[in-house]
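Report on the structure given below.
For clarity, chains are labelled A, B, C and D in written order, and residue numbers in each chain start from 1.
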Amino acid sequence: MSRKLRFGILGAGRIGPVHAETLAYRAPQAECVVIADINLAAAEAVAARYSIPNVVDSATAVIDDPGIDAIVLCTPTNTHAGIIAHAAQAGKHIFCEKPVSQSLAEIDASIAAVEAAGVKMQVGFNRRFDSNFMRVRKAVESGEIGTPNLFHIVSRDPFPPPLSYLRPSGGIFLDMMIHDFDMARFLMGEVEEVFASGAVLVDPGFAAEDDFDTAIAMLKFASGAIGTIDNSRKSTFGYDQRVEILGSKGKIATENRYSNEVVVSGEKCVYTDLPHNFFMQRYPESFALELQMFVEAVLEDKPVPVTGADSRAPVVMALAARKSVDERRPVRLAEISS
Amino acid sequence: MSRKLRFGILGAGRIGPVHAETLAYRAPQAECVVIADINLAAAEAVAARYSIPNVVDSATAVIDDPGIDAIVLCTPTNTHAGIIAHAAQAGKHIFCEKPVSQSLAEIDASIAAVEAAGVKMQVGFNRRFDSNFMRVRKAVESGEIGTPNLFHIVSRDPFPPPLSYLRPSGGIFLDMMIHDFDMARFLMGEVEEVFASGAVLVDPGFAAEDDFDTAIAMLKFASGAIGTIDNSRKSTFGYDQRVEILGSKGKIATENRYSNEVVVSGEKCVYTDLPHNFFMQRYPESFALELQMFVEAVLEDKPVPVTGADSRAPVVMALAARKSVDERRPVRLAEISS
Amino acid sequence: MSRKLRFGILGAGRIGPVHAETLAYRAPQAECVVIADINLAAAEAVAARYSIPNVVDSATAVIDDPGIDAIVLCTPTNTHAGIIAHAAQAGKHIFCEKPVSQSLAEIDASIAAVEAAGVKMQVGFNRRFDSNFMRVRKAVESGEIGTPNLFHIVSRDPFPPPLSYLRPSGGIFLDMMIHDFDMARFLMGEVEEVFASGAVLVDPGFAAEDDFDTAIAMLKFASGAIGTIDNSRKSTFGYDQRVEILGSKGKIATENRYSNEVVVSGEKCVYTDLPHNFFMQRYPESFALELQMFVEAVLEDKPVPVTGADSRAPVVMALAARKSVDERRPVRLAEISS
Amino acid sequence: MSRKLRFGILGAGRIGPVHAETLAYRAPQAECVVIADINLAAAEAVAARYSIPNVVDSATAVIDDPGIDAIVLCTPTNTHAGIIAHAAQAGKHIFCEKPVSQSLAEIDASIAAVEAAGVKMQVGFNRRFDSNFMRVRKAVESGEIGTPNLFHIVSRDPFPPPLSYLRPSGGIFLDMMIHDFDMARFLMGEVEEVFASGAVLVDPGFAAEDDFDTAIAMLKFASGAIGTIDNSRKSTFGYDQRVEILGSKGKIATENRYSNEVVVSGEKCVYTDLPHNFFMQRYPESFALELQMFVEAVLEDKPVPVTGADSRAPVVMALAARKSVDERRPVRLAEISS
């Protein structure tokens, strides 16, 4: 196929420029022809940097443009469902940042709209495309560690977001642990039950927002395996993102990634520099790869690697986790219907 | 003090010889003058190896011997309480393998007997004396990682015990995770609530014994911190014993210990030999150090480093963990009274 | 400066495409407008991949094009001096792959031509731009390890080149260890004396080419420090590129770089995947950074980070190393004049 | 064999107590019945600590005692040859600290005396018994890394000895690098040629003693393999003792040993405690094992693992290294005859 896939990016905030960079430099079969943001200056800045020829201040203008094949949806979560419905109807393929919605009803409607329109939708669980986690998945699939029995994820941000970010985000389970819920499914298969616990240990302001800055969850998988996840909004030494699985034949574990492989033996200790600070430094490859695979899925009419169903399941898990905290009991995912 | 502390060892099974070796070679202020076992041949073998001059077939003979200052109690758990009562009355200091008992009533009676007699009792939570875990404790106490907020322990045996071992052992929480419950208290302080989950993933025979071969627990500490523990009865690569704490200023984590520091870069992978296989290889130093400190506590009339109360608390946690599994809910330790 | 630096690439072989990729995607202030190769098909393939608008079959056409500001010189080493003379006269800035020449006379003539023309010339010692080696340099410069006293470089290729490559390459000292000689100067300062030894241990065919597949060198630095280098044409586990410096206050050492940070504990060993296989996988960042810095040096009229003098000194060291092998004695660099 | 091997230790200085501890606690088939030192107080202190029943102030008294089977020779090097001659004549087996002598003539005489008397002599190259270096040797012997081609040893002390120690010690090659020369032979086989270089970079006082505090050597092995050694009298971070071999099928390398496996991720770096500080902390196992194997060799009339010839070869290498420095040329071992 010789024609390039023509993209419009909706949203020029934190993650929009990341996808703009991929489309500009790392996806030869794609091009970004327009970027939209109600903050026009932000959109213009991104456009200038990545040579995007058009800038608009509304999503509608992009969606209704017949010259656009696909959109990258980076607007606030509460706008996703509406835009997806509109874009699907307009025949656009959709790459949507996670989560599609905090509401299962909206997710279901979005999935239905996409299916009805016959377009493709992929969801931005980028960590699935990281070389460490892909390697773990490969080990699980190939039987390298036998049957996976025990699972542990560590996922910690270097510093907490502003308190104003918390309520719209849906809280630590929907905003942060959702990545780990996705990773749990990616590596171990479906989950049946969640028990979770939250604490406010980093900043008392989280309590006023009815949120936690520290949380742990215990999972029971359909396979019978069990496991735990821990999250913190603050790890002083940088982004801490690891997974470990114990299988019947061995263990596989990932370490953090560092900007260099230098070890200094000093007078008081043996030390290295800190690991990568946050997701922008840690996951550039995976952000590029997820979009490259979306482009390939559309152009070659193949299944997208992260589906609407994949976007729904972790939200169910997050809702179950929060319910578990509130009711102080393990919650089966089957209990969560809306 | 010039006189050596004179010991009798009760029990010549798996752990008795370990303590015999310490008394023979690594505790200059102590000597073992008698070893007792109903299996006289076993006792004689240990005596021959470590030059213990006397061998008897009953605990009573040791306890009633006025020439003995202290006993090392390595008999089956269900005999501990009776022997402790007798030995305390006879004025012997007692080093007792963990757990003192699976019954809180027996533990309480043992503690009372020891206190009434004015003798010292130390309990064999040897991992507290391991150089890795002591280093972690030091970091917590010194503030090196700030306030501890998140906690994770991995504790996995290389292979499961015989099924016949399971029922008398009290099950995975009382027999295996009890070490981790102790470590949790040692490093993080008192625990208020436990939620646990168990699975049979290694050997279906565990189910018939009403036991689990794989288990996880979630802890809430009095400090507000939270954490998780995972246990498996089978890790093919050897003994897997690690702890990780995230504090407000940093993270501290231990790795396993290896018999050498050699790395081979081969044609297919970069590899090392496996870590130490089991507790005998992994913890010889800590077994020696705990007994050395007991000797010192007795000779210098100092507090023992692991008290009767330290033996009681992890049993409460294990009982709470099992109750949590049975009732599918988090259990506060305050609920456990017997 | 708003105008982009307009490049012509000479040579579409192994390294030309690497620089083409940098100019296409990672150097916003530069563009490649033409690529030349006598193998026109090779040039066309690179042009197609990186959207280079013009393809020619001769260097002359590029050099004489007044629309070109700078050339990237990736042709065989024996053509460098002639092209540099011509290009300098034509006022082109020059990024030249290492080595500029195997002949000191030609290097001197090239340096003179560049100076006479007032153009800039940078030489492609890319490893100076690797994050590991930059970190080591920073430690040396900042005094982090005190005064550097002892030095060791390991540099090993995954597999030997074809035997036909050897004679034109100038042999292991001029072709391979030259990178390490440059690194020695980059990290430790000037060298005064070299003693070297070579062996044929990988492929007997090297002997017929009067070359070695394995070599070591001992260096005395002007600072008084001493050190060693070892090279092999074959390391089965991949590209092995490390440096270690012992200073008066500590040691700094680099490890190899891996494609993931995954550790598997299996039934027989604990292992990781192999490190990066060769320079294309290991040094993509440094190839990009060296060209970015050349672009910046030209556009902002700053000194280039790797000068003509930097290209000369390692050739002197390589000639001294070979002389040392031939005469079985240490050779002072002052002895090498042509 | 039921009788214990009865030892006399000659010399109660730095290394004597190490061997006394092995005989006391870790060699069940041996016992130390006397220790001699002209500093009687020093001998008495060691005797008290390790329950050695007799203390004398002369070697003669020990050697002439018919109740003694074997001696451990820890007196100053210049006394070794005389004592060996005497002890051999008296029929004592001899464990002699390295080096037997700095003089080849004396070594040859000692070897002849031992052979004439039909007693066993083992030399204290303890590092051969370290688990890391034994593992490397095993890899070489088993073919795990193929044919060894390249070799590098790092050997650095934490701090320099007093200047007064230097002249009697014979200098860095005879006193320090001699261990590495032995290790080179142990792992790679015989050496044919040495080129060495020395520098005074740690303490100018070394120059006044005609010695170096920093030295490197380049070795050619009889197998054709080549390699390098570097030594420094000062590594601020502790004892630095590593070896690396590149073979035709892979690489094997050792790391230093640490007192714990704890990693702290702090606010500025990720760090561990320092490696073991010096040989007493680093090599206790190997000191015990070498003497255990000597006891076994005597009792079971087996060959000793480190022979008189093994004590001679590294001295030849050290003399060649010094000659190489003095004459600024590579020196073949065949040139060294006295």
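What we mean here is this: a contact is a pair of C-beta atoms (placed from the backbone, for glycine too) under 8 Å apart; a residue touches a chain by one contact, two chains touch by 3 or more.
Just so you know, these numbers come straight off a predicted model, no measurement behind them.
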{"item": "Chain of greatest Cα-centre distance to chain C", "value": "B"}
{"item": "Approximate Å spacing (C-alpha centroids) for the pair chain A, chain D", "value": "58"}
{"item": "Computed distance of Cα centres, chain D from chain B, in Å", "value": "40"}
{"item": "Where chain A and chain B are represented by their mean Cα positions, the distance between them in whole Å", "value": "42"}
{"item": "Multi-partner residues of chain D (at least 2 other chains)", "value": "235-237, 240, 249-251, 265-267, 273"}
{"item": "Contact graph of the chains (line, ring, star, complete, other)", "value": "complete"}
{"item": "Residues of chain A touching chain C in the complex", "value": "25-26, 131-132, 135-136, 139, 144-145, 249-257, 259-267, 273"}
{"item": "Contacting residues of chain C [partner chain D, same complex]", "value": "146-147, 149-150, 152, 154, 156, 195, 197, 199, 201-202, 214-216, 218, 220, 224-228, 230, 232, 234-237, 240, 244, 246, 248-251, 328-330"}
{"item": "Complex contact set, residues of chain B against chain C", "value": "235-238, 240, 265-275"}
